[in-house]
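Chain IDs A, B, C, D, E and F follow the sequence of writing; residue 1 opens each chain.
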Amino acid sequence: MNKKVAVFRKERFNAAHRLNNPNLSDMENQMLFGKCNSPNFHGHNYDLTVKVTGYVDPKTGYVIDTKILSNLIDETILEKFDHRNLNLDLVEFKDLNPTAENIAMIIYNILREKINASLELKIILNETEKNYVEYPA
Amino acid sequence: MNKKVAVFRKERFNAAHRLNNPNLSDMENQMLFGKCNSPNFHGHNYDLTVKVTGYVDPKTGYVIDTKILSNLIDETILEKFDHRNLNLDLVEFKDLNPTAENIAMIIYNILREKINASLELKIILNETEKNYVEYPA
Amino acid sequence: MNKKVAVFRKERFNAAHRLNNPNLSDMENQMLFGKCNSPNFHGHNYDLTVKVTGYVDPKTGYVIDTKILSNLIDETILEKFDHRNLNLDLVEFKDLNPTAENIAMIIYNILREKINASLELKIILNETEKNYVEYPA
Amino acid sequence: MNKKVAVFRKERFNAAHRLNNPNLSDMENQMLFGKCNSPNFHGHNYDLTVKVTGYVDPKTGYVIDTKILSNLIDETILEKFDHRNLNLDLVEFKDLNPTAENIAMIIYNILREKINASLELKIILNETEKNYVEYPA
Amino acid sequence: MNKKVAVFRKERFNAAHRLNNPNLSDMENQMLFGKCNSPNFHGHNYDLTVKVTGYVDPKTGYVIDTKILSNLIDETILEKFDHRNLNLDLVEFKDLNPTAENIAMIIYNILREKINASLELKIILNETEKNYVEYPA
Amino acid sequence: MNKKVAVFRKERFNAAHRLNNPNLSDMENQMLFGKCNSPNFHGHNYDLTVKVTGYVDPKTGYVIDTKILSNLIDETILEKFDHRNLNLDLVEFKDLNPTAENIAMIIYNILREKINASLELKIILNETEKNYVEYPA
């Protein structure tokens, strides 16, 4: 009998942010986050990879149609994150520091509701070529 | 005591295919697979990564010699898949839709017989830079 | 005074082809093109980079708006080449061998008519990660 | 006799920006730049490649020592651009739209003064993986 | 409740090595390792990715500050491995063949002592683009 | 009438080297080359791209058959450079510092004799992802 297959779909968005915990003082934020706390924001090309794991549907040969997955990511994530300021434009980060870890969790929570519960979900988010995160680990 | 190590070897092949379930009507195939069902085929540069996991042999310092692994992939997979039409040239896809998921399973089944059972095996197959699969997940 | 700037826009298409000169015998084609002449076609993920060179428009800060360039490539090239069989589906290759060189020339000729004559044009086409061409050189 | 050699050094910076021509109305800017005009900024991981061309010094075997070039880029460009908002933090873009074309010209002008006039200079700037520019072309 | 997040940090070092088991004869080493046993060494650009897994600290939004992680890798690994001959300059490989598997284990053992025991650690080491290892698997 | 086309072929080799001008004192070499002068050598994965420019042969659709070009690079360059110590194993660097600039010139001189004089030749050599050279510029 066949085992589960994981399917990965990679998308990109460009956003501004600054690392800042709204519950800390400016001095504490500056000490913790250094130049990432720069007040007028900086930005990244985020590479977002969505991993969906499950059994292959014998009719289609797919775990999930990557066109459908791509459209879902576009409508629920890229529309919201692309060409935005994460701190100012997204209600999710009003009280939450937009680190790669927290962004990945927010994206996971949005997509988890939209993807069939029989499929496992994981988010891989590259903030730069040198720094990336995976959630859940 | 040391833990297991995973070794990855990356190869490439170029193949034509079309997504088509031979058990469905043309109209159903067109609706399910859209432009991927285009009748005269399209093609991809497939990136194939073979992951082999086991304990390091203290004599060689290898889990598996990647030259031997590379030769094995060349003889059993690339010879069969490279510069071929998956639908027309490979008996494995006579009744099986050559999605990335199904190609990865076929490759796994071929290599699984050739690699020592004490070693775990996983196949990672990139169909494009944006779409890839892993089997078993 | 400012000098010219070159702007590059990268797109992708997936196509099937076989190397075959319709004016040669099967044996000659097989000898010249080896496995690239495989009768049922193989395929590639083509990376297409379009380079447009000119002076920056002081109003926009652009040589050319890459969104407009991207739409132009989409409508005139990707619609025609993506998920197609170059030998069978494109009239341009009815009597022309679809080598990377010839594909780049065809793409150049199509785009050259659509892009303002005051702008220079160059096509970079990657057939694989190891083989690519530039036209005109 | 030997010919000139070109040496390339690649660095990166992360910055926020929005496309906006301060001499145009908000409506014109919105029409010209679409989502790139989003008021709270977005951002990019910029890949900056500096190309320096000249004859090899027989003593060192270098056209230019890439460690010295890297330090120069770090001190004159990265210190100024990295983790900054190009529109708000850099006086150069007070009246200049920070398109990739204009950013490349500004970087060229800064470095041109610091690099020996016997060496030719070119800037390659990737705003995203799909969009990049070269100055002078 | 939130799950664990994995954070990845990528660094690079350039080193010379040769594959050679000091406990075997020259002839056995030559037979086992072929051109990798070449007596005057060869070398690689090693890509080192360090994966750290744990819960996000609500104060920082980090599992681990990647600047701190980067500094730790720099001080404990790059200082030791970069621009070195692994066989001649590192005491760890005096009696140990510097295969990718063994290098990854050595790096793991060094970093494991420096990173809080509540955090899981994994090393991914690319010797070439085609060959890489992960420890522990 | 058609213009010239440039064809690029990418290969790789792994080699050890140290930067050292045999005509200078040890102290001068250490001052000029720092850690690149480390006595026991270090190494790199060199990416070698060979660019050949000319008119397309109407019979083949090729400027040059990349299989033939690949074999030529393999026989004349990779056989000589791959898994070697550039300073100790190659007579060309007996009195020549193996900087990227000088390696590219040596490779150019070897290939220039083997490639038809009607074709233009250029060498692109990446020593690391951040440092590369082009000869002739």
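FYI, contacts are C-beta pairs under 8 Å (C-beta built on N, C-alpha and C of every residue); 3 or more make two chains touch, one makes a residue touch a chain.
Here the structure is a predicted model, which means the values were calculated and not measured.
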In how few steps can one go from chain D to chain E if every step must land on a touching chain?
2
Common contacts of chain E and chain F?
none
In terms of CA centroid distance, which chain is the most far removed from chain E?
C
Let me check something: if the centre of a chain is the mean of its CA atoms, which chain is farthest from chain A?
F
Fraction-based call for chain B against chain A, same above half, different below
different
So which of E-F, A-D or A-B is the twin of C-F, meaning more than half of its contact pairs are the same residue numbers?
A-B
When centres are defined as mean Cα positions, the distance from chain A to chain E in whole Å is 28
Could you work out how far the Cα centre of chain B sits from that of chain D, in whole Å?
41
Residues in chain B with touches to at least two other chains are numbered 129
A full list of chain pairs that touch reads A-B, A-D, A-E, B-C, B-E, C-D, C-F, D-F, E-F
For chain B, which residues count as touching chain E in their complex?
2-11, 53, 56, 59-63, 66-67, 70, 120
Within the complex, which stretch of chain F touches chain D?
19, 21, 24, 32-34, 96-102, 104-105, 129-137
Taking the touch rule as given, give the residues of chain A at its contact with chain D in the complex, in rising order.
12, 14-17, 35-36, 38, 40-45, 82-85, 88-89, 128-129
